[in-house]
Structure formats: structure tokens, C-alpha cells
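Contents: one structure, followed by commentary.
Order as written gives the chain letters A, B, C and D; numbering starts at 1 within each chain.
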Amino acid sequence: MTSAAATRLPRRRRPGWVDSFLLAVRIAAIVLLIWGIAGTVVKGINGEGPTGEAWRDLVVAGIAQGAMYGLIALGYSMVYGVLGFINFAHGEVFMSGGMVGFFVANYLWDIRFWDTNFVLSILLVLASSILASTLVAVIVERVAYRPLRDAPRLIPLITSIGISFFLQYTFAGLFGVAVKNYPPPPDYLRARIGFLDLEIEGTKLAVIVVAVVTMVALYLFVEKTRTGRSIRAVAEDKEIAALMGINVDRTIVATFAVGGAMAGVAGTLWALLFRGVSFITGFLPGIKAFTAAVLGGIGNLGGAMAGGVLLGLFEGVGPQLVLAGFGIPGVSQLKDVVAFTALVLVLIFKPSGLFGERLAAEDRA
Amino acid sequence: MITIDMRRMLRWGMTAGGVMTFTAAVGMLEAFEDRLLIYPVLSLGYLLLLWFVPVAGYQSSNVAVLEGMEAPPRGLHNVIAGAVTGLVGGVVLALFAIVINAFDLRDVFVPFSLKLVGLLTYGLGVPEGLPYAVLAPAALGLVGGLMHLLPASVRRRVILAVEWVVVVALLEQVFSQILRQIRLEVVADRVFTLKALEWWAALAVAALVAAVAERTRGGFGRMRERLFAGDPRQRTRNSAWMAVLVLVFLIIIPQLLGSLLSEVLANVGLFLLMGLGLNIVVGLAGMLDLGYVAFFAVGAYTVGVLTSPLSPRFTLEWSWWAALPVAILTSALAGLLVGTPVIRMRGDYLAIVTLGFGEIVRILFLSDWLSTTFGGAQGVQNIPGIPLGFTEVSGVGPEGVLYFALFFVLLAAWISWSLQESRIGRAWTALREDETVAAAMGINIVRAKLNAFIVGAILAGFAGALFAAKLGSVFPSSFELLVSIIILVVVIVGGMGNIPGVAVGAVVLIGVLGGPNLPGLLAEFAEFKLLIYGALLVFMMLRKPEGLVPSVRRSRELHADELTQDAWLDKSGTLAEAPGGGRGAG
Amino acid sequence: MRRVGLVSLCLFLVAVGCGEDQMQAGPDDPPSATSAVDPVENGGAAPEGSEFVPGPLGAVEVAPGEEIQIRSVNSITGDVASLGTPNQRGVELALDDYGPVAGRAVSMGTPLDDLCSPDGGQAAAQTVVADPAVVGVIGTTCSAAAVAAAPLISNAGMVMIAPSNTSPALTSDLAGTQGSAYQPGYYRTSHNDLFQGRAVALFVRNHLGFERAAAIHDGDPYTQGLTEAFRAAFEELGGEITTFTAVNKGDTDMIAVLTEVAAGGPQALFFPIFMPEGGFIVQQVGGVAGLEDATLIVSAALLVDNFMELSESEGVYISGPDLRFGSNRNSITGRTAEGLLAEYVASYGEEPSGGYWGHAYDATVMLLSAIDRVAVEVEGTLYIDRMALRNEMDRSSLDGIIGPISCDEYGDCGSQRITVLYNTDPRNIEIGKNNVVFDFAP
Amino acid sequence: MVMLDIHNLHKSFGGVEALAGVNLHIAQGEIVSVIGPNGAGKTSFFNVVTGFYPPDSGEILFEGESIVGLESSRITEAGIARTFQNVRLFLNMTVLENVMVAQHCRTRAGAFHAILRTPFLRREEAEIRARAEEILSFFGTRLVGYRFDQPALSLSYANRRRLEIARAMASEPKLLLLDEPVAGMNPRETAELTGLIRKLRDERGFTVVIIEHDMRVVRDVSDRVIVLDHGVKIAEGSYDEVSSDEAVIEAYLGRPAEVG
């Protein structure tokens, strides 16, 4: 019925100078990307750059680091979905899990239990780390965030900054400022394990497997269980959820608890992968995890994990793949530049994150 | 019969016990045990340990009096409640001392040493010292309870006197320097011994404060009403008067204070300059910018690279005055470059992307790749001061820097006030209220937001240029993410969208507590500074979210519900959107 | 009650009035410190008939019963707290050991924080300079803070002895030309980076006989300066730097940087960075193809227990000042290195988390002994002449915990002995701490 | 002279086709009512015309020029102003500021003028304030005097509706789109507003398009009535013609049972 010929297809928006600027940025990004990668390929061909095997290790390390970010980002996305503000203290919740886990692991190492049956001790460490992180997350929610539930979103954000400082320097006061090293995992876990045709270090494989398992468990919890459904309802609209008989307070506590548990798991994986933990270990990963949550589309749990892995890859592989092609010296120093530039470009191409945000009505873009 | 609410008393007692145990466990008691406040009686460590007990004692029986309800009678039960609260707190503390004494937890909890046990039991060790460990808090709880018996006005004055004694004792350095600066060091030497306030001097200060408070009874309150009077014309006349008064006060201050306080005030000036800039972006236009330090860095590096003889690439050695306009230009350009992609993004995406830009700029200045221009990790050094006729204003003589900082702050205040009271300011406010409707009213959202970004960037550029000249060297470590966060906190805690608010925020947070890289007046809290900072932030946001000196509009926004008794629409109607506003910074 | 308020108020105003005319702002002449005697005899200020004539920089006057004021300015917050806190404790222990000077107690005042940044350093220096009774400063921890603090402290005529600054810019290039940030009155007991850079280059090039090396720093002025010194010295000796790159503080995944380094196929890797990044590199380097047999060299920043206890730190060379204090004895306080370490653990409940506590101890003792020699008692008042103190510091030489201390004309007082230790057994790090495989002295 | 000309306008949200090919025109100086059952696409029509959502296809000509794809602020500048179904005022700004801010696109004082407080700025600010006060006086004594400096959220519901119209007038449009202006008002206020709408056209020369459910208002005020249903125009003409039109009754009341 519509006579297509008569009406030319109208452009979506007549481009102002801002749109043309963003278009230029998009084009420039693509051109630079291709040029960088081409440069690296050329260097690779005449044997300068890292070998094929090195590339694989880079990718695996990026995925493992990304899985870590993803696990913390899950907590971010859940809290953000329900309460809608950036919880700066979530990095510290992750750190508290790591720290408590250290003391348990150290004790097990002293009584020589660690290297005799490692599996049991790592489970003990995992349990203590989850317990600590969940406890800290729930207490923080009860004391600082509950009274501010109806305040405009900037107020709890400043509170979370205060909590972040408070937790950091409480742990510094209680446990000292020195970096604490977990006992080393047993050799069979550190050796390289053949998986498909790849050779991956045991710890990295464990980290990826546990991250996937945790992700699936969380997905089942959120999608299938009653509490999960009420969390999604509260995330959609607090008032309506209350009308439907959902105890909003208990649901929000459950959200914080689950977010804390995720961070606790991440704390133990940190111990396996990096082993060094201190009172400021939580701040930067917290920021990176939120970047991952935004990259994947805030509020979208699958997006958070995928965003985390992608961020890990951008950081791990990006500098070598793109910047080295331009012959820039000391590319690893520009790791964060690549990660944040990637975030900006993704948000320019797709304003609500890669996998689209799932947010309450009034928060939607 | 007056019933004492046992549950409430127990809760306050446990809280008091918890606070005391935490203070001791974190190591604050031990760290400040040797810093005497009131000679020879009170040390800072014990003050930090026990300050909360009288507060808890008072609160445990303090029933909130609502309008229209007659206040419950105050009597003996208040005192008993206070004492019991203190007792419960003391028991908790004693248990803590016993636990530390019994088990050696030192390899886990570093501060749990026998020395701490000695302190908790006033040097008598576990069995003998325990009664004192319990009775001291009980006595303080009793004092808290006794406060009920005093009439309200007397109680307020006693609290004020105590607060002032603690402030004078803590800020001993400031007061002794002021006294020395005005030739009264003989007074300073007698009043302060071993950096503590003599006990009789403490009583004198308390008496003086009580006298002054009694004379200006409620004067401060009256002045505040007149200041924030209803109609705008009278208010502008008031604020003009206020501005002149502040100006005169600020001119004579550097002469009065000497170098230490001029340094602190110069730093406060720098942060206030950036606070006013960020206030335009966050407070007026409602965009949550977490990467504001990038513009500060651009301003500082521009001046550094152009004026320093050791600048790696260009050895232009311009004067600071020639470099300033270039610094403004480059920070404006940076504002444009950062602003444009960010404009279309929603609240929290904007926050994380600006945070990203802040980190990108810092790492590029730090990187070896660009070190041939910006000096990499060694930064740019030997930046000359600001040539002013015969002398040169630089960090060595902070008074000069303070004058410059004040000049720039007044300029920034004028710019943000004049923009706020113009059509651009109205556009920003509308934008913050409801972006889509503002667009429908003909406001070009993109241009309005970019304006805010660029003006904010220029003010940060000013601050950067002054910072480079003051410090004489520019290192990437001065432009951490923490700086952006602290400036945001200054704007929010001070009073978002309100110039005097941001000023008060800067003085309190940067001057007293110290900025990210600055010690501030309470320098001695060194390793516990951020702990106290964090606790203060949380308390501030729970008690007074609209800020220390809120703008009329901001407090209306936060308390919109109480203000509108006659609103026809239900709470969830249009009103619920009002505080949330256009999904801006809220 | 009301009259009391009025009286004190107008007293205050009168004081302000008469104080007005004395002001001179000008930054060039030292602040007119009333308790420090002004260089120009002005009227009745100086006591009659005393034969004490202050030098060009003025003198500190310490009345009977008063304390001699010195200050500690170190990084005691943030991620460098692990280096700064032991420095401050070194000063505290030195004060306890040395006891009173010329009959007066010595007070460190409130410990100041240089926040390991230029603005922190300047602010702390301002706090120090504001109190004219201060004689000298032990600090700063980070070179960046010293660059900003030194001008103020030197300008105030005070003396500054840094326990852990190593940047060449603060003193000299060891060949007679003054460093760009040198200020008169600045001394340090730590070594000069150029020595360590040259020592490590010599060790890698000659002792180990390698031609290809790589370097990683972490964007801190200290580590970047040291790797820069190493690169210059190594290339001078005919070696080739295959990769010169960096990580950021807070990075955890090191595979990326190690892959970048592995691409150049170095025989040795020098990364003088702090924990935890240093630990992450050592733990992850084994998994990177091409670096399996690369020799790892670090600096004293990692001469800490929680690094040396890492199983992967076996076989790592640790270059740095000769921390083999062993049986060294401080000739003035008589305290041995082991005794000081034991005292440290007893009073602070943890092993020192940084390597320069010995340097801080010796710096404090050096300052106190110099004050002792310079102070003059006249009618009960002790005068410490600032210029005389500086000259005394230039001349002072003593045997410290860290070894023999004597200052060159630009303030490098530390024993420039650089040693390279070989960490043989992470389970017993004491062996590693004394297992010197290479020795370098200028 | 045709002021607004719509050709074959399509807009769908996900599966729902809100506008399925709307064709209509508005002449200069007319008062036109747009009516239709709930969900007929009336408000979507307003939102698409004022640039809130770009149309999927079709043409919108305002005074002969296409305004498809323009930012809503550029469309307001072109001369179309609107009010909202559920009053969306700037609640924390004062009554006067709400009207003053709407003159943003008609004034030019930039940042430099503001900072230097130039005479041009002072004159323009005075003009803005005067014009705002004049427009507010259009509604009699309700929104003047002490009301100027009161926050918009303290106004009663009817006054908010009036303020929103005043705000729309302030951007000096040629075409006023009023979205259910009398919804929720009592009969007396409805009658008064109906008179005001006619005054808008007669005294101020606005062309007015109203979305309205109250048929008495439609009858009293509109020169012409357009009926939308399921995103399509099903009838057009005077109120009497339209109210007797077979399709319109069926759209509102549904098909009589027996025909089924």
C-alpha cells in the first residue's frame, strides 16, 4: 500500500557537526586498527614479533585476566541493576575476600596441610573468602546504602567512595601495609596442560573453568530460582515489585550477598593466578570490572562476563597486536590506554554496551 | 513511671564498645598515644578511643521530639541510661583486652601487641587494669547522661566549648604560627608545651568560647536567614556585600598567617578553582565527570613544556604569562575532544568514559613513547615561577601563590555566577531537570553540554598553569584518578551547584583533611587520614546529603517530598521524576 | 562573663595592630624567625655581651628545657608506604639510641608524609619550614618529593638527609657537574642511581658476559631513572638493549609485557620495580616462551622478605646498596645491624617491609652527631649555627650500619658500594641476603 | 497557506505500528483537534512531528521545508512548540524561569556576553524577563506577582497546565501542539481554557493543534477535526460531519453485535 517511490527513505537524523565528528572518529579508528594489525603482521612475517605460540599464551592470559574482571563485574552489574549507582566499594569487597583467604591459606601452609591435600585446602580458602566478601558486602549495604535508597544516585556513589577508603585503610591498619603472598599452588597445577591442541597453564585453565561454572550457576540462580526472579523484578521497578509482595529489602541484601560471593570467588582465583594481595589490591580491578560491566551492557549478567573477557583481551593482546605495528616503543605501558580507548569506541558504536543493557524503565538510555 | 528502653540502651552500649574496639584494633590508639592534646592529662589516642562514649550515653535515652508532641520529662533515668551504656561499652573493651592478652594474634593482626593491652588497661595489665577499663567508659557514659539535665542552650554551649578546645589543641601548629606571626610567640610558648595545650589554657579557651557563644546568642542563625532571604534582589545585594567582606578578609589573611597556612590555603585555592569548574559540569549541567584531572594535567604540562629550560623538546623558555593563554587554549581543546564523544552518553556511561579519558591522558604523559616531549616518568622540572615585576612568585614563597590563587578563584566564581545567572545557566538547569523536555523547549543540548565541558576545562587549565609554577616541576604522579574523585567529593559534600558551598567544601576537605597528595592541617593523622576521610564521607551523606552549604534548589530537590504538602499528584506521579531529574547526575 | 570575652577580643586586636608593620613577604630572605636570631643584629633581640655571633644562615636557639627539633618526612600512606614506614621507624630507633644532644632531648615532632609525590613533598616541606626551630630533616623517601621539597628546606637554611632518594638529579652525575635539582644543604645516605646502573651493567656485560639485555620499569621516577642509567651504561659497554618497556603500578597480568620482551630474545632482564608487580613478573616469567633461561636481575626495592620467600624468586640476582650490614656497627651509637633489626621487630611487630631502614638510622645519627659537635651553650641557651652545621655535615664521616659514610661535595654520603646478591634458597632467605656474587665500588 | 503537511508517515516501535501511513495538513491560523480512541497513535504523532523519534518513512513539511531527522531543538527553533500529556515542567525552577528558559532559541547572548555582563546581555535579559511576565499575564492573575519566584512544583495542577502552555508560547512558535490541555480539569477551568485557546489563535495568531478526549471542548474550539485510529486517519472535517461518520462511531464504540 505504501508507494515507496514517492517518499525517499529519510535519513535517520540530519547529521550535526557532532555526528560528523563521531563518524570521523569511527572511520579513523577502523583505519588505525587495520594499519596497526597490518604492521604487526608484516613484522611477524619477517620474524620480529612474538611467535605463534606466544600469541596463544597472550590470548589465554588475556582470557584468564578477563574472567577475573568478569566475576567482579557480575557483582557490579547486579548491584547496578537493582540500585542503579556505581558501587566503588565493590573492589574492596573483592580485596577483603582475598585477604581473609590469605590468612587461612597461610595457616594451612604452616601446618603443612596445604601441599599434602591441596584440593581440600583451596576449598577451605574459597569458603572463607566467599564468607568474608559476602559478610562485608551485606554489612556495607545495611549500614551505608539502605538509608540512601531513595536519594538521587549521586549520593550513594559518594558514600561508596567513602566506604572504599574506609575499608582500604581498615585492612591496612589491621593487617599491615606489606604485600602478602599466598603459598604456591602444587606443581601439577602449574605445569602446562594440553587442552584441545593448546597448552594452557593449569592455574589459568582452573580460573577459566571456575569462572564459567560460576557464571552458569549465577545464571541458573537468577533465571530459575525464586530469589533470582525477585532480584530481576526489583531491578525492573522497586515500587511495583513491592506491590507484588516481594520483600525489597531482603532481595537487595540477597543481591549484595550474591555479588559479594562472586567477588569472594574472584578473590580466591586471584590467589591462584597472582598470589600477591595487599590493602590496595581491590581498587584498580574494581574500576576495570565496572568498565567491563559497562562494555558488556550494564545490568546484563552475560554481558558483564563477556565484557570482562573482552577487556582482558584488549589489555593483553591489544598493545602487541595494534600498537606494536606502529613501532611504538614500550607498548605494554599503554595497556590501559588501549583498554579505555576500546571502551570509548564501543560506546560510540553501540551506546548501550555490546549486548545491550537490561535496566529498569526509568534508567534506560 | 518512666520506663528505660533496655534494648535501645544495649544497642548504643554495644555500638560504643564496637567503636572503641575498632579504634584500638586498627592501631589508632597506639599510634597517637604519645601525642599529647591537653598537657599532661589527655592524649590524642585516648581522645579517639573514648570520644564516642559520651555521645552514645546521651543518645541512648534521647527521644526524638516531633512537632506538636510535648517532650518527655528528663531526669535520673537519663543519667542511669548513660552510665549503663558506658558500662556495656567498657565491658566489650575489657573483653577485647582479655582476648589480645590471652592469644598472640600478632602474625595476623599487626597492632594486637602487649603494648596495646597495657594502653587499654591504663598501664596496669589485664587482671588489675580491667576495672578501670570498664569504669572509665561508664563514667563518660554518665557524663553523657548528665548532659540531659542541662538546659538546651547551656548544653549547646558546653559542646561548642569542648569542640573548640579539641580544635585548638589539634591545630596547635596553626595557632602557634599565627601567634608567632603576630609577635605573640611568648604567649605561644607558655600556652603550648610539648605541642600540647596546657590544662589551664584549655579551660581558658573553653571559658572564652562559652562567653562569645553566649553574647552572640543565635546571631549566626539570624545572619543566615537574612542571607538566604526570599526575594532574589535582596539576596543579590546580600551576596554582593558578602563578596566584598570575603575579599577584604582574603587580602589581609596571607600577611596574618605566615607560610604554612598560606601553603595550605594556596592548595585549597587550587582545588577550589577546579571544584568551581567541575561544579559547572556536575552541579549545573548534571554530567558526572570522573576524569576532570585530565584538563588539570593538560594545563600544567602546557606551562611546563613551554617555560622550563629543561623541557625535553621545545626549549622556548617562555614567561609564564605567555604560556597561560596557550594553556587555556589547550585545555579548552581537550574539553572539546573529551566532551564531544561523551555528550550523547547517559549518566553512568559518561562517568566511566570520562574516567577512561582521565587515565588515558595521565598514561600518555607518563609513557616513554611521548617522553621526548613530556619527560615521561621524570616529568618536566625546573619550571620557573611567575615573573611579577622584580620578584618571582613560586612555591618557596606561598604568600604570592596564595594571592594568585585567590585572584583566579574570584575570577572563576565570577564566571560561574555570571554564567549561572544568564540564559546559558538556565539552559543548564533545564538540561539537568529533564533533558528531553529541555530539547523540546529549543535548547540545543549538544552545544549546552559542550559549553559546560569547555568552561570547566578552562578553569582546570588555569589551576594547572598555577600548579606548575607553584611546584616548579610537573610529575605524572600528581594527576592520579584519586584527584578527580576528591574534587567530585569536594563539590558534592560542599554543596552541589552552589559557589559558597563548593568553597566551604574545599576549605574543610582540602584545607583541614588534606587532598590526595596534600597533608592538610590534620597532617598527623597521616596513615589514618583516609580512614577518617571515608568515615566522614559516609556520615556526611547519611546526615546532610545536600551538602554543607546547600543551594536553595538542591535542598528543594532532595526534600521535594516534604515541601509539597499541597501537591495534588501522588508521590509516584510527576514528582518522583523531579528528584531523579533528567537522569543526569541526580 | 561577657566582659571577659570583650577584654580578650580587644587584646587580640591590639596584638594584630602592632604586629602589622613588621611584615615583609618577599620570598628571598629567610623567614624572620623570631626564635632564630636574625642575621642582622636588630636592636635588643640578641642578648648583650654574648660572644655568639650567628653565621650567614642564622642559628637555632634552644632555650633550657626545650627540645631540639628535627623532622621525618617519608611516604607513610599509599602503595609506597611499605618503603616509607621503615624509614620513619629507623629515625625513631636512632633517636632512642642516640639519646639527648648537648643535654637536650631531641624531638621528631609529628611524622610528616611526603605522599611520594612532588605536591606532597612541597606541602610537607612547607610544614617543616614553618617552624623555624627545626634544625634538619630526615627524608624524603621518594626522589620526586625531594625535587619539590629541597628548594624550600635549603632556602630556610635547614639540612636535609634523604635515606632512600637515589635520583642523580638531586646530587651530581659523579663527574663533577651538579645535578639539575641539587640544593645546598641536601645530603643522602642512599647511593646514586648512576652507580647502581653502572654496577648492574658491568655485572651483566662482564661478569655474566651477556650482550643482549632488556629492561622494565613501572613509571616511577626512581625505577625509570635506574633503568635509564642501566641502559646508558650497558650500551656504553657495547651491549644491546633489546627492549626498554614499562608496566603500570597495579598491573597484574604480566604475560603481555613479558611477551613483548621475549620477542627481542634477551639473555638478561633487569626490572628494578616494587612489590607486588615484581612478584607477578617473577611468578609469570616461567610461562613465557623465549624467557625460560633468561637471567633475572632486580633492585633493592625487592630485597624484602615477601619477595625472597617466593619459590620462583630462586636464582634471581638482587642488586642494590650493600645491605650486608651483618656485623656492621654504628661507631657513634654502638648499635649493630642485627641488634637494630631485632629492636625493630620487637617494637613494631613486623619485619621491615622496605630496605632502607638502616640508611634512615645512620642519617639520623649523622645529623645528631653533627649537631652535637656544632652546638654552643651560652648562658643556658643552646645555639646551633646553620652554616656551621652544613660545613660539619660536609666534613662528617662515620662508620654506620650501612658501612662507611662520608659525603662528597654534592651530598652523596652513602657508601657507594653496590653488591649483587644471588637468592639461592627462598626457604632460608638469610643465605641469599649474604650471598654476594658481585661487588662494585667507585 | 498550508503550514504543516504530512505525507504517508510511518513509525513502529518493535512490532507495534503506531503510525501506519498518516496523511494530513494543517492550514495557517486554524484550530484543529485530533481525536481517536486510546492507542490510536495521537501522542506518537506529536512525538514524531516534534522530532522525539525519527519516522521510519514518510515526509513532514513545515512551511514547505522538510523537518524529518532534525533534532527536536531545531524543530522548536523552526517554529513548532508543544505541551505534554502528563505535565513535564522544570519543577525545581521558578515559574518565571520556566518561561524564560523557553526563549533560549530566540536569544543570542553567548558565554562572553554573560561573563562580561555586556549592555547587550543586560538588555536581552530584561527583554526575556519582560516577555515572560507578559506571557504569564495572558493567564490572568493566577501566575503573576508573588508566583513568579515560586518553584513550579508548588503550583496546583491547573496552574501547571497553564504554565506549560505559557512555556510553549514563550519559544515564539507558529504552530502550537497541545496534548490533552484540559485533562484532569474541573468544568469551570475547562471552559476558561477553551476560551483561552481561541484567544491564542485570535489575539496571538498561533495555529493550534489539540489532542483531546473531551468532546465538548472539541466542539467548541476546533475549526476542523481529524480522527485517528490504529495509526491511520479515518475521518476529517467539521465536528458535526465527523461525529456522524459511520467509521468514527465504529472506532469508538466497536461494531454493533448483530452485524458480527
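Here is the rule we go by: a contact is a pair of C-beta atoms (placed from the backbone, for glycine too) under 8 Å apart; a residue touches a chain by one contact, two chains touch by 3 or more.
It should be emphasised that the depicted structure is a prediction, and the values quoted were computed from it without experimental measurement.
Nearest to the overall CA centre, using the mean of each chain's CA atoms, is chain B. Here A-C and B-C were compared by C-beta pairs in contact; the pair with more is B-C. Mean C-alpha positions place chain A and chain C at a centre distance of 39 Å.
Chain D has its Cα centroid 47 Å from the Cα centroid of chain B.
Mean C-alpha positions place chain B and chain C at a centre distance of 32 Å.
Among all residues of chain C, those that touch two or more other chains are 81, 85, 219, 244-246, 248, 350. Residues of chain D found to touch two or more other chains are 71. In chain A, the residues touching two or more other chains are 16, 172, 176, 329-330, 333, 336.
Looking at the complex, you find that chain A touches chain B at residues 16, 18, 21-22, 25, 80, 85-86, 103, 143-144, 147-148, 150-159, 161-170, 172-176, 239, 287, 290-291, 294, 298, 328-330, 333-334, 336-337, 339-341, 343-344, 347-348, 351, 362-363, 365.
Note for the complex: chain B touches chain A at residues 22, 25-28, 108-111, 282, 288, 340-341, 343-349, 351-353, 355-357, 359-360, 363-364, 366-369, 446, 481, 485, 488-489, 492-493, 496, 527-528, 530-531, 533-538, 540-542, 545, 557-558, 572, 577, 579-581, 583, 585-586.
Partner chain B is touched in their complex by these residues of chain C: 1-2, 4-5, 8-9, 15-16, 18-20, 22-23, 25-28, 31, 34-35, 67, 76-77, 81, 85, 107, 109-113, 115-120, 122-124, 126-127, 129-131, 144, 147-148, 151-152, 155, 169, 180-181, 217, 219-221, 223-225, 244-246, 248, 349-350. Across the complex, chain C is touched by residues 35, 106, 110-111, 113, 173, 177, 180-185, 194-195, 207-208, 210-212, 214-215, 254-256, 258-260, 263-264, 267, 310, 363, 366-368, 376-379, 381-382, 391-400, 467, 470-478, 516-519, 523-524, 526-527, 529-530 of chain B. Those residues of chain B whose C-beta lies close enough to touch chain D in the complex are 230-232, 414-415, 418-419, 421-427, 429-430, 433-434, 436-446, 451, 455, 553, 556-557, 560, 563-564, 566-569, 573-575, 577-578, 581.
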